[in-house]
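Two complexes are shown next, each including subunit A; its partner changes from subunit B in the first to subunit C in the second.
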Partner chain A sequence: MLWVDQYRPRTLDDLHYHKGLSARLKSLASSGDFPHMLFYGPSGAGKKTRISCTLRQLFGPGVEKLKIDQRVFLSPSKRKLEINLVQSNYHIEITPSEAGNYDRVVIQELLKEIAQTQQVDLNAKQKFKVVIINEADSLSRDAQAALRRTMEKYMSNLRIILCANSTSRLIAPIKSRCLLMRVAAPSEEDMMDVLQNVAKRVGFDLPPDAADKIVDDAEGNMRKAILVLEALKMQSPNLNGPLSIAKPDWETYCHKVADLIIGEQSPARIMEVRSKFYELLSHCIPPTVILKTVAERVVDKVDESLKADIMHWAAFYEVRMRNGNKKIFHLEAWVVKVMSLYKHFFYGIDMSDFD
Partner chain B sequence: MRYKKCLNLVAVHQSRRQRSQGELHSRQLHQRLIDILHSWIAIKAAKSAPPPAHGSKVVPDGEPNCLAGLAFVFTGELSSFARDEAIDIAKRYGGRVTLQPSSKTSFVVLGDNAGPAKLAAIKKHGLNMLNEDQFLNLIATRKAGHVDEKTKKKLAKEQEAIRQAAKEMEKKEKEDAKKEDKQDGNLSSQLWTTRYAPQSLKDVCGNKSQVEKLQQWLHDWPSSLKSGFKKPGKNGANMFRAVLITGSPGVGKTTSAHLCAKLEGFTPIELNASDVRSKRLVESGLNINNTSLDGYLHGDKASVSITDKSCIIMDEVDGMSAGDRGGVGALNALIKKSMIPIICIANDRQAQKLKPLIHTTFSIPFQKPPVNMIRSRILSIAYKEKMKIPANVIDQLITSAQSDIRQVLNMLSTWKLSSDTMDFDESKSLAKMNEKYTVMSPFDITTKILGPYLFSPSARESLGDKMDLYFQDHSFVPLFIQENYLRSQPARMRNLEGPEKILKHLELMDKAASSLSDGDLVDSLIHGPEQHWSLMPLHAILSTIRPSSSMYGNGVHYGGPNSMAFPQWLGQNSKQNKLMRQLGDIQAKMRLKVSGDKSEIRHSYIPAFHPHLVQPLAENGTTAAEKVIRRMDEYYLSKEDWDTIVELGVGDHKDEIILKKIPPATKTAFTRKYNSSEHPIAFHKAHDLGKAPKKIAGGPTPDLEEAYEVDEIAEELSEEDEKKEKNKDDLSADKLIQAPKKKKVTNTASDKAKNKIKR
Partner chain C sequence: MAPKGTQSSLRTEKLPKSKQKTVKLGALPTSTPTRSYDPLTAFSTLPDSSNPRKSSQNISKGKGKAREDVIDLTLESESADDRLWVDIYEPITEADLAVHLRKVEDVRRWFLEAFNGGPSGKLRKYRRILVLTGPAGTAKTATVRVLGRELGFDILEWRNSIADSFASYDGELVPQVNEFYETLMAKFEAFFNRVSNCKTFLTPLDRNPASQSSAAASSSHIEQSPRMSDRRIILLEDLPNVLHSATQARLHAILHAAAVSPPSDPPVPIVIIISDAQTVGEANDERVAHGRRRNTEVDGVVDIRTVLPRDLLAGPFVTQIRFNPIAPTLLRKALQTLLNTHFASNKSAQPSKEVLDVVVETANGDIRSAIMALQFACVSNSSMRSKTRKKKDGNMTTVMLESITRREQGLVLFHLLGKVLYNKRKGDLPSSSASAKDIQKEKMQDALIKDPPKLPKWLKDHERKASRVDIDALYASTPIDSSLYSLYIHQNYTNFAVDTEHCDDISDWLSWVDSSGGEAWYQANPYQFHLLTLGTLHSLPTPVPRNNQKIVKPQFFEYLDKEKDAWEAVHNVRNWIISRTTGQDGNVWRTCGWSAPEVALELGGVLKALDSRQRADRPPRSHSCFSRMAYDNSVSSQWQQLDEAELDISDDVDNDAKFINTNAGEEVTGRWLDNDDIEEF
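Right, the complex of A and B next:
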């Protein structure tokens, strides 16, 4: 197994950073008055790890016996929706966004079904079951609305743990029913600690320089840092001397796109960029990630006075991408905008002021 | 005032530059800025000039037919007429208008921004060029009789031919009238379309070869029946017991079928949409009592003689609808065993309903005949009816009716009631009244919208007309616009040069792209949960009209360098959906070991897997297979998932590049090795477990138009069910129970034994 998964902490005590949060979770779990919770924070910060540690604290090692199940729901138009459930005797984990627009159906049927049955295991530490809802920020408004009443009505049988990247897409009634748990990205020292710890458990020495470099590259994403560490170790076993961290394939590809945008500003070039975007999108790179990566690269390379504008438009079109259907339209609109800005700057005159 | 402000701005720019760059450089820059500024002012001035005067020029009252014998080509944009209007003017005065300049062209009327290809052709042929004013002048001054000898002769000859044809018609009618009973033989009570229906093959306008094919097939029928339809004949038609004539309305399909049958001595039995043609009735021997043996019943025994040879004309096959359930299927069955020829007639060959007939019939497609083939016939009819209608008016009628002869005749007969003459404008309005609604393909629509004329200052189309184009196909047109808007050379930047041109181009593209982005937001409201369909006009404007209004110009299909492309979005989107589903499968399987969601798997794990799962196979070959498989088992990944992981790579990790690096031998060894061992499975997919729900038998069948198809499917299903029933106890059919694989050990053991013996 990869190191990330092999050396994942299993109990709240094993966690390396955010000690305060761990302590709070521990006391919550032992108090017997466990609330609904919403874990949020950037990816690779350790949300899921903390959730599973909390569950273990609540129910004991039994929760680690996971099995996967697939359930079929019927959408209102009689289409079959397949949903994967990960469950133990004490909890169940769903990703409603798998059902796309029909996530409401999943939430309604599944939650009610779970909520209406009590915990059967008499030896269970807690009387309630826990439902973990992944990717809660991509729940549709309807699904969130469906969640509201259920959360209150079935409190005796059921606790819900939502897991999201940001709370901005969640409606206020949901937020007010949950205890918000922010899992921030680890600081550089925290990451350094974890890396050293992993190295120790694997059984090799990690030179501080290499650790520095990895932490720098990972930008607060613990998962990425450990994966990079393993890749580097495979590449050059002694980890001394100059190291070059290989970027993931999609990132180098995005950088190429950024270079294309700066290299030339013409319709032909836009079409070229469009086909590259299609390539990225069709290979499951989320559009927001594409926009972010390309924009950061473009901003790195242009004049100081353009940076703010480019970022402004990137933010502008990112919102539109979330609201719209066809992501490529907005990506392309941003590219054209950037090219136009860049060219106007290049000729040193801002024509739009004159009109 | 504004100029001052501009100069100030320039100065600001200049000072900002001076701080950052060298003195010399900034002076150059200053000069350039000043230049740009001046040209910008020039542009401003040009913008404020009055737009090309639309309809400002009066068309002179020239003599009728004053342009007769002249051939015109219009190119470029005229300042006060739209292209169509100018063409109409030329036609009104008897001129001929062609699209491409050739050596026969008499004048080229040249507007602004003519296409380079046309200009080259003009130069090559050394053609006379006119501008708009000269063209109008020509109409005002040219005399009608001003035709050279050759054309005069030609015209005279045509006239003579028309007179001749009309005389013949009259003669025939008189003969017919003599034969007819005096009481009901009143020809004037007949519709023109029946009165002037072709009496012989030479009267049929256009599709000569197709009609000949039909006649030949009927002619050969007895011999092909004798040979059991084994001899293909000249064009392969004799292999078939039936033909399917397809073509748009009014091109003479039914007429030709009847005519050919009559000429070959068959008695036509016609069944059309007015008869019930359901499955039962068609099967029970074609309810002949109900058929139109009109000629026979009329007592006109001489013209239609019942012979032992008869043929079925199954007219309007695509009109078999709700009432005729199973009719097409039964007809098809009938065709397969028919002993008499069957002629099927339909409008659209591609129709779903006609699918069964495609393989059993010989197809004879009828084209719309070109104008010149119809013209003389219509002219002679008009002459006979004593109507004075010039040729160019007839042409106009035929074109606007889209070569529908029946419609032209009907229009003329209606017109005859009120007047004996018709001029150009009257014909235009008449045709407009009888206009047929036609659907354009998205390609045509895109060409039109992004082309140089729809948005040009002299265009007459209203916003509503432009929106109609979007509504012709509202799901495809926006995609086409998005795919192609970058391919045009916008007319709006035409008069600019250098940097301004580039900047203007970018600005236009920016406008178009941001409007497309707006359009997508509206689209998501329309197709979202609330379905605001009332926003469609807004979507039409944002997704189609606004982008094209800034990007219109030469380019897409107007001689530009980029030809039109089909929207990539469709293909890319389905590819994305497919890979997304596969990635979801991977994530579900890995979930037991991994905490990340789908995008996290794609972001971090797939690049991280590369050195573990893919690279070893490329570098170490078969020896690495075992290690790779062990790694896959840790995450419950299957061989298909391995394929997906490779497929998901981009850039350097693109599947084509990667798969090239792994030798085929390694690949097969890897697959074999994987298949030969047992692997842990995370879970079974739901559809692997449950049986497909059985079809509910009985109950009222829904009233479907294509009921015959449903029947067929149901039959197939029941067959499959039977098979399933049989295999019920067969273990191999159950996916969960794998038959123990015969191990290769026995094989190798025997090999070893052999080797021992050899030793």
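Right, the complex of A and C next:
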């Protein structure tokens, strides 16, 4: 088992950071009036850990008896959709993005089914069941609209916990029906604490230098930090020496793409960059992540006066990417924009036309 | 008031005798019923020929008899020329064929190899199935028949007999009809086995009606040349319903068995003729991208891949020969020969050269439709002349013919992209290879294009010359939907742009057009095609420099396939993590902390580390699909070039098809260069 899973805190009291949040969740869970909730925050901040701790607080250890089910849904066009469901007696967890375009169908069917079955366990602490929706920000608008009605209708025996990276993609009616819980990324000290704690439980000494370096590399992503720690430990049992943390392949790749963009600006180079983007996309790297990583690298390398513009266009095309279907168009549009900005700058042409 | 009858008989008088009957036929039946008729005038104007007079006389006596005579008349004229010219002038020898000689040679060589086994004698084993593909009316069947006569083999043809079965059971038990219909495939199987295995079955003795009395035999229509021989081929043109998956599976099984089994002696090769259906290609990428599942079947299109199983296509037993649309020169020659024979007795009735021009031009290389059009033109010509309207004739016929014969045909994708990407504008210099006639034509067209209004000073950089591309016409004839179209433009525009500025504009258009719709299909922007085309035309340099750009297929679909595999790998790894957590105390503890993107982004390092350890519980190997990315400096140059033979109905990159195409490969490239150069646009 990976350390991340093995040493994950199980109760709200075990949590290492955001104590105030934990206290609040605890009192919410014991108040008997539990609302719909929306957890949001950067990835690796501990949202899901907090959700599962809250569930345990609500239902007791029985909630940890999980089973994985595969359910088949029929899309309107009679296509079969297989969705993995993780569930206990008290809750059910789904990732609707697995259903792609048909997330509305899945959400509706599933919620209706759960909402219409009463809690049968007489010893259950709560009358309601909980539905956890992962990656809620990837829900389509249709599905969100469907959700909003369900949330009101079945309030008596159903609570929904949404988990998302940002609330910007959720429609306002959903947000207003939930209690919003922001889980911020842990501070560096928090992360050090956690790493040391993990090391202690595994049974080795983590040199502070190494911890420092890992935390530095992880950029507030606790999961990433622990994974890196595990990988390092696996490769070199002794962590005292100088450490070199290898970046993931895709990140290095993105950096090289950024270098390509700065290196030359021509239609031929655009083709080249396009191929690289295709390569990245075909390795399941989300386009938003690609854009962000490449843009950050490009910004690092260009003149101060260009940085704002490049980031502006990155944001601009990111929005279009979310609305559009073919991610590559928008990635490429940004690249071409950067190229022509860079070229204009290079030839000393007045930039005031570009807003 | 002059009765209609007299008019028609008057007309007959003026015409030469050979034409009489046709005209009479058209006029008489309409004029027979209920009309007052003056016997005196009718008789006085009657011509000497006996037939018309007889019929007119009868008409004046009464309806019933008149009809009899009319029928008489029809029968008589039918024997003269009532069949279609297509049937009358079916090619008999190779010289009659309007197909390129090399193509005929290809097919002939295949047949010879199939029967004799080629120089080494071993090829016989591999010449089992020949697939002739190509647009309708490109003499595929005719070539086989001509070669059949030449090489002396019999053609055993399968024909679906749905009409027969329904007719024979008409009004009787309905379930029986269904049952009968169901067994069509079984009959096909029976036919196939019989024909390919039983050598004696086709001896002339067995071909008497008695032996054909079985239900199965009634559906197999057997044609034979008068000369008997023991060489036979099976011709499958009218296939069972292959779009029904069960039927398709059975057909595949039959063909597979036929191909793999050792050849009987003498061998019975199978010829399958598939006419390309022109359908609109669609990029179902969005659906696919979200659902992460591909439906490879394009609904309702019979092409080589639906008829033949995949492994057979890739194997050595199947040869594909692709027929191209018939070249205008060959078509004209063939039509001219036909006219010469038809009007051998009276040259004056032959249609004018303009008519022939129009027919050739509008046929789009479809000789069947060309001959039909020609016959029609001759019929209408004669009737028009009879109305003494010769003056307007020339113009009228062309206009009318054009409106009737013009086949609805989509622009080939290749040409569509050429039109857009070359961005021709009014007053562009003609290309170096253009002939004087082309230049003249271009000038004429330019004269018709209106100049756009002058733009004010602050918009000067948006001023362009008027474009030669008529967007509405283009839109009307696109073979693909705008989504796929945008992918093609996206893949190819960089080759046609000079500077990053041009690219900047186009890519922005692409991005905007893509994001301008809503989430659902019904919110899609209906003007995508227009906007994208206009945007591309506006942004491209003018004129586009020509440096032998190639139009290639989008890499998009390749990437989609790879992405699908990678996602599968991600899910495998995720399941692997889950399986590792379950082992310990029976229940799963917090496994779903792993969402797919998290696995893809963050697990790489750990997976690599795990890989390097020699332990039993290693992660699934497929994880390298997403965790490993070697940066490759070389620019991948393996883009698939688009050629015009391709309509790209199926978007999947198909290597099998490429493999088979090698036979016809040289032909394709040759045509690509000389016959229909892209610069003509």
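The definition used in the following text is that the second predicted complex is superposed on the first by the 350 of 355 C-alpha atoms of A that agree within 3 Å, B and C clash if a C-alpha of one lies under 4 Å from a C-alpha of the other, contacts with A are read in each partner's own complex, and residues count from 1 in each chain.
Criterion: a contact is a pair of C-beta atoms (placed from the backbone, for glycine too) under 8 Å apart; a residue touches a chain by one contact, two chains touch by 3 or more.
Everything numeric in this text was worked out from a predicted model, so none of it was measured.
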item: Joint occupancy of subunit A by subunit B and subunit C, clash or fit; value: clash
item: Partner chain in contact with A:Ile285 - subunit B first, subunit C second, else both or neither; value: both
item: Partner chain in contact with A:Tyr347 - subunit B first, subunit C second, else both or neither; value: first
item: Touching partner for A:Met191 - first (subunit B), second (subunit C), both, neither; value: neither
item: Subunit B versus subunit C as contact partner of A:Val72, first or second or both or neither; value: first
item: Subunit B versus subunit C as contact partner of A:Val294, first or second or both or neither; value: neither
item: Which of subunit B and subunit C A:Glu64 touches, first, second, both or neither; value: second
item: Subunit B versus subunit C as contact partner of A:Glu82, first or second or both or neither; value: first
item: Touching partner for A:Asp249 - first (subunit B), second (subunit C), both, neither; value: both
item: Overlap of the subunit B and subunit C footprints on subunit A, listed as residue numbers; value: 1-2, 4-5, 8, 43-44, 48-49, 52, 66-68, 86, 95, 98, 101, 134-135, 140, 142, 221, 223-224, 227, 230-231, 234-235, 248-250, 252-253, 256, 265, 267, 270-271, 274-275, 278-286, 289, 317, 320, 323-326, 328-330, 332-333, 335-337, 339-340, 343
item: Subunit C residues touching subunit A - in the complex, by the definition given at the top; value: 285-287, 289-293, 483, 486-487, 490, 494-495, 497-504, 507-508, 510-512, 514-516, 519-520, 555-556, 558-560, 562-563, 566-567, 570, 577-578, 580-581, 584, 587-593, 595-598, 600-606, 608-610, 612-613, 625-632, 635-636
item: In the complex with subunit A, residue positions of subunit B that touch it; value: 6, 9, 13, 17, 29, 32-33, 36-37, 40, 482, 486-487, 499, 502-503, 505-507, 509-510, 512-514, 516-517, 519-521, 523-524, 527, 529, 568-569, 572-573, 575-576, 579-580, 583-584, 588-589, 591-600, 602-608, 610-612, 634-635, 648-653, 682-687, 690
item: Residues of subunit A defined as touching subunit C within the complex; value: 1-2, 4-5, 8, 43-44, 48-49, 52, 64-68, 79, 81, 86, 93, 95, 97-98, 100-102, 134-135, 140-142, 221, 223-224, 227-228, 230-231, 234-235, 246, 248-250, 252-253, 256, 265-268, 270-272, 274-275, 278-286, 289, 317, 319-321, 323-326, 328-330, 332-333, 335-337, 339-340, 343
item: Complex contact set, residues of subunit A against subunit B; value: 1-2, 4-5, 8, 43-44, 48-49, 52, 66-72, 82, 84, 86, 95, 98, 101, 134-135, 140, 142, 221, 223-224, 227, 230-231, 234-235, 248-250, 252-253, 256, 265, 267, 270-271, 274-275, 278-286, 289, 317, 320, 323-326, 328-330, 332-333, 335-337, 339-340, 343-344, 347-349, 351-354
